[in-house]
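One structure is given below, encoded as C-alpha cells.
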Amino acid sequence: MMMLFDMIVYDLSAEYEAALIITLLCIIISFWAVMREREDLHRLILTELVEIMCLVIIALVATDLAEALILPGLVVGIAEFLALSELYIEKEGLRKAPENVLHIEVMDSAPGIIAVIFVIYGIILSGFTGGAVAGLGLLFYFMCRGSSEKREIIETVSGYAWACWVVAFIVFMAVPQYWFFGVIIAGAGIFAKVVAKMSLIGTMNGDGGEGDV
Amino acid sequence: MTGIIRRISRILQNHNNLVGVYAFVVIAIIIVGLLLQSPLTYDQDQLYPKSIDKNSSLDPYDRGGVPFGQTNVVSQYPENEPYLGYVTAYLTPVSLWISETTRFMGTTIVSHPGGIIDEILYNTRGLDTIIETAILFVAFTMAMFLFTRRREE
Amino acid sequence: MYNLPSPQIEGEILAYIPFGDIVYYFSPYTLVLFIFALTFTALAILSRPEKQVDIAFGGDAYYTKEIPEKQMRFQRFMAISCGLATMAGVTTGDIFNFTLLTAMVGICNIGIVASVKNKHVLDNAYEYGILAMIGTLPLFGAAAIILATTGTLSLWEIFTPAVSVPVIAKALLVIGVIGEGMAPVYVAKAEITRAPGAPYVLMIHVSSLLMFLRVVEIIISM
Amino acid sequence: MISFLLYLLLAVFIGLLYHGIHRKVIARIQTRPGPPVWQEFLHTLKFSFKQTWIPMTASQLMFVAIVVIMIAIWVGGLYVLLTGGSLLILFAIFLLHKITEHGLGLSSGSPYGKFGAIRSVISAASEIPLFATVGAIYMVTGSLMISDITAYEAANGPLLLSVIALPMAIAMYVIVLSKVPYNPFGIIEAKEIVSGNKTEHFGVWRAGLETGFAIKTFVLLAAFVTLFIGALPLWLLLIAMLIVLLTMSFICALTPMLSPYDAVTIQALIIGFVVVYVVIAGVIL
Amino acid sequence: MLVLGLGILFIGGFSSAFPQPKTYINRIINIEITSFGLLLVMLYYNETLALVTFIAVTVITTFVLVRVIERREAA
C-alpha cells in the first residue's frame, strides 16, 4: 500500500551550498545597508530585513527540526523588535500621540468579523501557530476599537499560560507516561500565551493619549 | 603611528559607529569564511528528516505511525524520551474528523496538538520553547513597563 | 555516551541533567562559570542598589540619586532573568539552546538599563539593542550552518574529532555572541554601565563575559 | 590541603613582596628613593587594623561581597595552577577578575569608583581576545591541562623558544603587564580618578583587596612562567617570576599612562596581530 | 521555486537596502518583497507551519513599525 504513494525524500546536497551562498550574499547586502545607515529608525527597519535573512538560513536546512527552530527565531525577532521600538519612543521622547493616520472606514465595520474568523481558525490550529493567528485577530480588534482597561486581565492570562507551559514541560520530563496530558496543557498554554502577547500590542496602539482624552 | 592609533580610537569610541563596525566585521567574516572553506557540504544524516507523502490527507506533515504507539523519529537521545513518537501520531477528535473529510488541511491538523512539530517543540526540545517564551515574556515586560510608565506620567 | 571526546580541554564531565534532546552538563569549567553566575544572581536578589553620588558642578554641592521603587523592582526582575539565562547558557549542551539563551541575555541586558531616564544611557542602550538584534543573524545562522553541515546540534556530537565544523560557522558563532553580549565591543556597553543600580548593572557585564567564556570553550572544542 | 594553605600563604607573601620590589624598581629608575620593599606588607597590615565601615551610599552587601569574591577567585586560580587543571579555567578566572573590578567601582556609589568601573569595561575589550593565545596553545600542545602542557615542555623544550608560540608569549606578556600596578594600560586606577575603583574601599576591605591582588600577581606571573618556560623547582620559579616582573617594572617606569581608548586600541592591535598570526598558522599547519 | 524565492530575496534585499526614495514606508514595503522570497523558500521545503506563523508575525512587526513611524511623524 505504501508503495503506491509518491514519496518525496529530499536530496539537498546539490542545492544546499548554492542556496547558502546566495543567502550569504543577501546577508552581505543587508549588513552593508546597516553599515551605511546612520539614522536610528531606518536601522530599526533594517533589522527586520536582517531577521528575514536569518530565517532563510534556518529554512534552508529543510528538516522538521529546522522548522521547529524557525518558530523560536521568529519570536525572538518580534520580541526584541517590540522592546526596541518602545525604547526608541522612550529615548526620542515621542510623547505626542499621533492623529490616527490609519483611520479608514474598514476599521470601523470589519474588526468584529475579521477578529472572529482569525480567532476561530487560530483555535483550530491551536498551539504556537494558532496562537499567532488568533492573536493577530485580537490585535486587529483592539487596534481598531481601542481598548486599554483590559490590559491587566490579558497580562494575568499570559502569566498563567506561561505557568501552564512550564508545568507541561515538567510533565514531559518527570512523568513521561502522561505525555498526552502534557501535550494538551502545552498546546493550550502556549496558545493562550501567544494570543495574550499579541493582543497586548493591540491595546498598546492608543498609547498614552486617545483613550484618556 | 600615534596618529593612526588616535584615529582608530576615535572611530571606536563613538557609539554611533558601533553598529557600522560590527556590520563590517560580519561582512568580513562571511567573505573570509567563504574563501577559506567554500565547500559547505550538506550532511545527509540529519535529525528529524522529512519525507513528503503527497497523497496523505496530513500532507505535508504525515510522518506515519500508530496513535498511542511508537513511531520512528530520528532524535538525538531517544533514551531520554521513552515516549518518543507518541505525540507525532496523535490526532485529537477534531483533527481526525478534519483529516477524514478534507484532503488539504494537513498544516491545520498538524499544528493542532499532535504532530511532528509538537513532538519537537514540546517533547524532545521542550526547553527551547520554554526559553523562547521566556524571551517573549521578558521583552514584553520591558515594553509594557516603558509603555505604562509613559502613560502614567 | 555523555563524555566529552576531548576532556583535556575542560576536564571530565561531573554531572549531567537530561531534558530530552537538550542535555545540560557540568564539567569543572562550566561548573566554575555556573557558580559565578549563581553568586552574582544571588547578589542581585539580595543587595539593595547603591545611591549614586553626583557632583553638582560650580559649587561644593553634591546629591545622591535614588532609584524609584518601581524601577528598582523592574531592574531586579531583568537582572534575575539575565542571571538565570546565563546560568543555563554556561551549562547547556546544545548549540541552538545556547544561541537562544545568548539572545535572551542580550534582550535582558537592554532591559536592565531601559528603565533609566537618562538620554545618554538610553541612546547607548538603543545602539546596543540594534546590535543585539542584528547579532541574532550570525548567532542563529551559525547554528543553522552547523546543523546543516554536521546533521546534529548536540555539543558532544559536534566535539567529536570526526565531525568537522566549517570555519565560517565557528567565526559567525563567536561574532554572534560578541554582538549579543557585546563582550569586547566596549563603547556602548561602558556607557550603559553609567546607569545607577549597581548589582543589576553589574549583571550586564557578568552575563556577557560568561557567555563569551562559554563560547570560547565551544569553539576550541569544535 | 595543608600544603595548599602553605602555598597560599607563600603566594600572599611573595605577591606583596613583589609589589614592593616593583615599586622600588620603578622609583629607582625614575631616580626617586622610593618606599622600602616591605611597604605593601605594612600597608596591608596597617589597613587590617584601621577603623572600617561601609559608605552610606554603597550597595551594602555587594560592597563587601565583591571583596570576598575577588579573593575567592584568585585562591581558586592558585588551586587550578597547583593541581595542573585546565588553562581555560585559569583564564576564565582572569576575566572574572574584570567583573570584580567592575563591581568594586560600581558598588560604592562614588563617582570616582564609577569612572574606574566604566574604564574596567572599556579595558575588557582588549583583554578578552587573550583567548586567541589559549586556542593557539591548544593547537601546539594538543591539550589545555596545565599538567599536560608542562609535560609537553619537558619533552619538547619551552614554548617560548618555539616560533609558533612566541607571539602568544608576547600577547600574554602584554596581558600580564596590564595587570601589574602602575602599568601604561592601568586606566582603571589612574590617578586622575583618585584610586579608580578602589577609591571607597578602605580599612579591612582594602587589606582584603591587597591580599587578593597579591595572589593575583603571583598566579599570573607563575602561570606565565609555567606556560612558556615549563615546570620549575620553586626557587627557580620565584627567580624567573622576579625577572619577568623586573622587565615589566622597566616598562612601567618608562612609559606614561595612555588615555583610556588609546590603551584599548594598542592592546587590541597587538592581540589582533596575534589572532591573525594564529589563524594563518592554523591554516598552514 | 527555490530559485525564484532566492531571486526575489536577493532583489528585495537589494531594494530595501538601498530604497529609492529613502522613506520609512518605502523601505518597509520593500522588506515585504523580501519576505515573499522567504515565503517561497519555505513553501519549497514544505515548511507550511513556519510559513503561517511567519505571515502572522510579519503583520505584527509591520504594525509595530508603522506605529513608531506614526509617532515620529506626529512629533
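General remarks:
Order as written gives the chain letters A, B, C, D and E; numbering starts at 1 within each chain.
To be clear about the criterion, contacts are C-beta pairs under 8 Å (C-beta built on N, C-alpha and C of every residue); 3 or more make two chains touch, one makes a residue touch a chain.
Note that the structure is a prediction, hence the values are computed from the model and not measured.
The highest number of C-beta contact pairs joins the chains A-B.
A centroid comparison over C-alpha atoms places E as the chain most distant from chain C. The most centrally placed chain, judged by C-alpha centroids, is C.
For the pair chain A and chain D, the distance between C-alpha centroids works out to 47 Å. The mean-CA centres of chain C and chain D are about 24 angstrom from one another, to the nearest whole unit. Between chain C and chain E the centroid-to-centroid distance comes to 30 Å (mean Cα coordinates, whole Å). Per-chain Cα centroids separate chain B from chain E by 19 Å.
Each of residues 264 in chain D touches at least two other chains. Counting partner chains per residue, chain B has residues 12-13, 16, 19, 23, 26, 30, 34, 36, 40-42, 44, 46-47, 50, 52, 81, 111, 117, 123, 125-128, 131-132, 135, 138-139, 142, 146 touching two or more of them. The set of chain A residues that touch two or more partner chains comprises 10, 16, 20, 27, 31-32, 34, 43-44, 53, 60-62, 65-67, 69, 71-72, 75-83, 85-90, 95, 125, 128-129, 172-173, 204, 207. Every pair of chains meeting the contact definition is listed here: A-B, A-C, A-E, B-C, B-D, B-E, C-D.
Across the complex, chain E is touched by residues 10, 15, 19, 22-23, 25-26, 29-30, 32-33, 41-42, 44-46, 48-49, 52-53, 55-56, 59-60, 62, 66-67, 70-71, 74-75, 77-78, 81-82, 85, 88-89, 92, 94-99, 101-102, 125, 128-129, 132-133, 135-136, 139, 143, 198, 201, 204-205, 207 of chain A. Listed in rising order, the residues of chain B touching chain C in the complex are 12-16, 18-19, 21-23, 25-26, 29-30, 32-34, 36-37, 40-47, 75-77, 80-81, 123-128, 131-132, 134-135, 138-139, 141-142, 145-146, 149.
Those residues of chain D that touch chain C in the shared complex are 56-63, 65, 69, 73, 76, 85-86, 88-89, 92-93, 95-96, 98-99, 102-103, 106-111, 114, 117-119, 121-126, 128-129, 131, 134-135, 138, 142-145, 148, 264. Against chain D, in their complex, chain B makes its touches with residues 5-6, 8-10, 12-13, 36.
Residues 16, 19-20, 23-24, 26-27, 30-31, 34, 38-42, 44, 46-56, 63, 81-83, 86-87, 90, 94, 98, 108, 111-114, 116-118, 120-123, 125-133, 135-140, 142-144, 146-147, 150-151 of chain B are the ones touching chain A in the complex.
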